[in-house]
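In the part that follows, the structures are each spelled out as structure tokens.
Two complexes follow with subunit A in common, the first pairing it with subunit B and the second with subunit C.
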Partner chain A sequence: MIGRGHPWASLAPALCVIAVLFGGGLALGLAGSFGAGRGGGWSFEAWIAVLSEGRVWRSLALSLWIALASTALACGLGLGAALLLRRSFPGQGLARLLFQINLTIPHAVGALGILWLLSQSGFLARLAGGAGLIDGPARFPALTQDHFAIGIIAHYVWKEVPFIGLILLANMHSLGDDPEAAARSHGATPFAAMRLVLLPLLMPALIRAGAIVFAFSFGAWEVPVLLGQSAPPALPVLAWQRFTDPDLAARPEAMAIAMLIALVSALLIRAAFAGRGR
Partner chain B sequence: MLRMMAGVGGALMLTAGLAQAQDGNALLGMSWDEIVETARGGEVNVFMWGGADNINAYVSDYVGGLLEEDYDIALNRVPLTDTAEAVNIVLGEVEAGAAAGAVDMIWINGENFRTMKQADLAWCGYVDKLPNAALVNFDNPAIANDFGTPVDGCEVPWSRVQFAFAHDTARTPEPPRAIPELLAWAAANPGRFTYPAPPDFTGAAFVRHVFTHVAGGADALVGPFDQAKFDEVAERTWDILNELEPHLWREGRTYPTSITQLQQMFANQEVDLFFTYDPAEVGTAVVNGIFPETARSYGLSDGTLANTNYMVIPVNAANKAAALVLQNLLLSGEAQLEKAQPEIWGAATVIEPDRASEKVQAGFAALERHPSVVSIEELGQAALPELQADWTSAIEDGWIANVGN
Partner chain C sequence: MTRLTLDNLDLHHAGAARPALSNLSLDVADGEMVALLGPSGCGKTTALRVIAGLIAPDAGAVRFDGRSVLHLPPERREAVLVFQSGQLFAHMDVAANVGFGLRMQRRPRREIADRVAEALAQVQLDDLGHRKPHELSGGQRQRVALARALVLKPGLLLLDEPLSSLDAHLRTEMRALIRRLQRETGITTLVVTHDQEEAAVLGDRVALMLGGRIHQIGAGAALWNRPADLDVARFFGGCNFIPGTSTGGVFDCALGRLALPDGAPEGQGCLTLRPEAIEPGPGENAVVMRVTETRFEGLLTRIGAEAGGLRLEALMRAGAARSARPGAETLWRLPREALWVLPGV
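And then the complex of A and B:
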């Protein structure tokens, strides 16, 4: 019967899942952030405490930096890779397979890989030590648990470039060669055809894919907890610390921080779409 | 040890197919034999920190095997990375009025126990029912108080642990053996020492050692929280730790975020000292090839903190009878002896061996420890009591605000 009834009827099962699991979690989290504790009642205490805490703002700034830098780099590199991979060349199938192979690797595993590769006792540091370039782990530049979150951003870029690339490749496939070919036949150079015709056509897909990458890298916990510095922690790590604090009074603050993550993420993505729509 | 970071999945999957919660009062009115008959054929869901394979195997295979064989009870071990996760589940269930909870037992101590006791989430008053409770000396203050919180029959002791440091004799033949020596050593060996940032459990315990040293010994901090005393000691402690900071790993700009990270850094020779709340872990790390054969754990002349860990049954546990049978089994001389074997776990017992059977007594007398693990007797010569939970939270929060930012 799927597809015959009213669209809303067909969508109902999926919408129910989203409404109950996602909406329900969001509503409970929001309620928890206004909770005054086990006695019941409502209060803004947790929000006031969270918003007046310098640590929260420093964590927010770090998370914004991580998400913006990861998204920008992943979009740029993903676009470049997609443009290269769309042409046919010998071994193109193999190249595409290698390009997308890390999509299946879980984030936590990828983050451990980054640790083994980039940390001060990691593979690169050992190579440098073996080659006599450095005389101890501390001499290797700090690329994980570092002030600029280089390890975290490196992980997200490594993981998300194929994601962006695949979405753009699928998009280019459905656009076909016609728009560019038409521009070329009117005398545009290949570069001008790409910049003035193909890129604007790809923009909506790039912004959508970028929004997904932004939301994930802004709100995910497992990568910064493995690769991040101790202070300030990324905002999701701070929320988790409050949630697992033995003091029950910290629970509403954990919920308020989680809601702050959702709110900032939603507002920024809304702004990106709105900016596109003008 | 009971508080580690990371996610937990599937914990709630076990809630499916629950029977009615067993009425605790009805059980307390039964004889032990009747309780065992009630429990027979059931199951028990044990939520516990799951970060060590040997501990997991001991509980799932050895204890779970005995429970299945002797009582036809299935033991479901649910691994946690932070004990607070299980407390959160119980809290959520009780707040929602769920009578038949998913959690039948939690491996716990310290702040998490205090939280459960304060919020009336722990089932109390059953300890006298357990035949093997006679093996435990409940008058021992180290067992009657969990981080200063009176146990009051609301949890049953399982193991004792004492904090110890570790060094590699090949790399650092003469490690510092007291807190003031350690502070001087760290300053003389820049970049070779660090500690995990609280709220990491072990890192917070290290900070408590410095705090205790500044206070002039553990006696000064015994008893309930004292704000004036705290302010006085805290200010000097933060000064010492802030002065230490430039000499730490990465000049103290960041700290490891977990004890696991410090363990890897010690294994990779990024730092020269390691510490742990479970010295048996050093032997396990040597056996697993993570630490070199020359690694040794040792105590401090000015003492290291010691604590007891426990098993608690939540007030809404669905399988209370099976949980009681399991509590009794965990306390048996045989199970405590097995747990103390170095190749199994090497955990110090909470029972008085001379109250157990002769065979168990002989077993305890014949225990051999791994050469890398400091002896319980040597460590125990200078054991510091843990501070009350109000002190530990205040020290954690104070460190984060004054040193870790």
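And then the complex of A and C:
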């Protein structure tokens, strides 16, 4: 029996909100992907159309590339930054402040900043052109709206490195110095203590933080819209395009693509946690 | 094994009001087990970390067998520190934890397996090699931490409050285990504790550390009954301090003339005796006291009494304490052999 003091009773309000907003939205989206509410009954038409469309698979591959590359780079750089920032040094407080300052900047603003910085008409292109490194700004390599989604990945890395770093710093703070000190006292060099003791202890937090970054960068559409190429677009952009298509018949396909994003994201995150468990 | 020498160690943490270590000197003989006793915050854990190489002192020297080791990193000192919380590596099983140091020494797998099994047998955890630390009890975790250190056969074993997280029953058991293993292996051991009883049971000698330095070192009973100064006496629960003058074996004070044991120092000083040493009734050094309060403390009753403007406390068994009622006069005997003069205080 669940009494007033039971944890489930305390969690119930929050769980209800999550169930209605998240679960409800997911259920409606899933129902929509099967044509529910369109008067024609339930069907697999949208799913068959989506899964047999080459463009969807190319978009899926692009989104996977963006999410995996962003997550790997953000995890690596975030870990490195956390390892540096945990040490005491003059100006450590200022360094930490500067490190986390871009967490407060909205994604759309950051993406516009990347556009201003990296595009072929942007700051770096003009700088390189002015310095005579290239014949003109137009000769600057395409780093936005490009085939390899470098601009998008750069944005996600810029935005998520502090997020990963702060989570790891908090984790290191709660672990304290003692695990590494114990390793050192038992014969480990500083590098061995970090590799064999600290990193494995940080791994659960790193995987959780990485999963959040992956899920976001795989499912977000505003940054790929601003910085990505149009053909193929990232999968969330494709879903958005179908959803806003004047032809309402495209809506079930938009829902099917959205469900595909959720399914792939959930499966990959599950696989990451399962891999860690082994 | 290793002889440990600490020479005038000083350490002041940045921003701290008082130094963590102040002129700390200590000598631990080869194969000896010394208990470093002191209250929380007196610097005893810091001292262990300096010896282990985890913290560098501001000044002074740490010597193993006469050779300075201050330039050596922790992994190259022949000292292993067992942490208060055990600090087992949560992602490794018990066998991997115990074999960690041997792995760092790049020993062959077969040898690691054999020595891990041997070490686990030493701490009576033979069958638990496959378990993860979170599957162990507090006592088992401490034993694994001990096995992880012993398997390396270090020259010096440093134990930081190894029993503080255990309940009373496990503490007694673990205390006996540590004592037995130290005798069997002969490893020079420095054990830090804030528990007087634990220090007396574990240490061949007890070093009392207060305010970052050693105030007195010797057998447990000596520190208890023959304190070097007022701080040591107070740390061990001393509460009777009588100012006066010692001349020719007699202490002249507000209570009268008290006979002193042989060899008592001469001159002005402070006489101290433990509350449990005071006996009821007449005899040598008997004084008339007026009882001011009684307090039940389990096996013993604490009785406060006054005479000549001095306040003394005695701890007596219930039978002896029965007649002591606030306001009543009582005769207390201050046994000559229990008196101790702190000169110049």
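Couple of notes before you dig in:
One rule holds for everything that comes next: the second predicted complex is superposed on the first by the 271 of 278 C-alpha atoms of A that agree within 3 Å, B and C clash if a C-alpha of one lies under 4 Å from a C-alpha of the other, contacts with A are read in each partner's own complex, and residues count from 1 in each chain.
The working rule: contacts are C-beta pairs under 8 Å (C-beta built on N, C-alpha and C of every residue); 3 or more make two chains touch, one makes a residue touch a chain.
All of these numbers come straight from a predicted model, not from anything done at the bench.
Looking at the shared chain after the overlay, A:A138 reaches subunit B, while subunit C stays out of its contact range.
In the superposition on chain A, contact of A:F243 is made with subunit B only, not with subunit C. By the touch criterion defined above, A:V225 lies against subunit B but remains apart from subunit C after alignment on the C-alpha atoms of chain A. Residue contacts after overlaying the shared chain place A:A188 against subunit C, while subunit B stays out of touching range.
Looking at the shared chain after the overlay, A:V197 reaches subunit C, while subunit B stays out of its contact range. With both structures placed on the common chain, the touch criterion links A:D178 to subunit C but leaves subunit B unconnected. By the touch criterion defined above, A:I269 lies against neither subunit B nor subunit C after alignment on the C-alpha atoms of chain A.
When the shared chain is aligned, no partner comes close enough to touch A:A46: not subunit B, not subunit C. For subunit A, the partner with contacts to more residues, out of subunit B and subunit C, is B. Interface residues of subunit A facing subunit C in the complex, by the touch rule stated above, are 178-179, 181-190, 192, 196-197, 200-201, 203.
Residue ranges on subunit C touching subunit A, taken from their complex, read 49, 52-54, 73-75, 79-81, 83, 85, 87, 89-91, 100-101, 104-105, 148-149, 152. Of all the residues in subunit A, the ones that touch subunit B in their complex are 38, 55, 120-121, 137-138, 142, 145-147, 221-222, 225, 228-233, 240-241, 243-248, 251.
In the complex of the two chains, the subunit B residues touching subunit A come out as 3, 5-7, 82, 84-85, 87-88, 91, 95, 110-112, 114-115, 119, 191, 197, 199, 249-250, 253-257, 264-265, 268-270, 389, 393, 400, 404-405.
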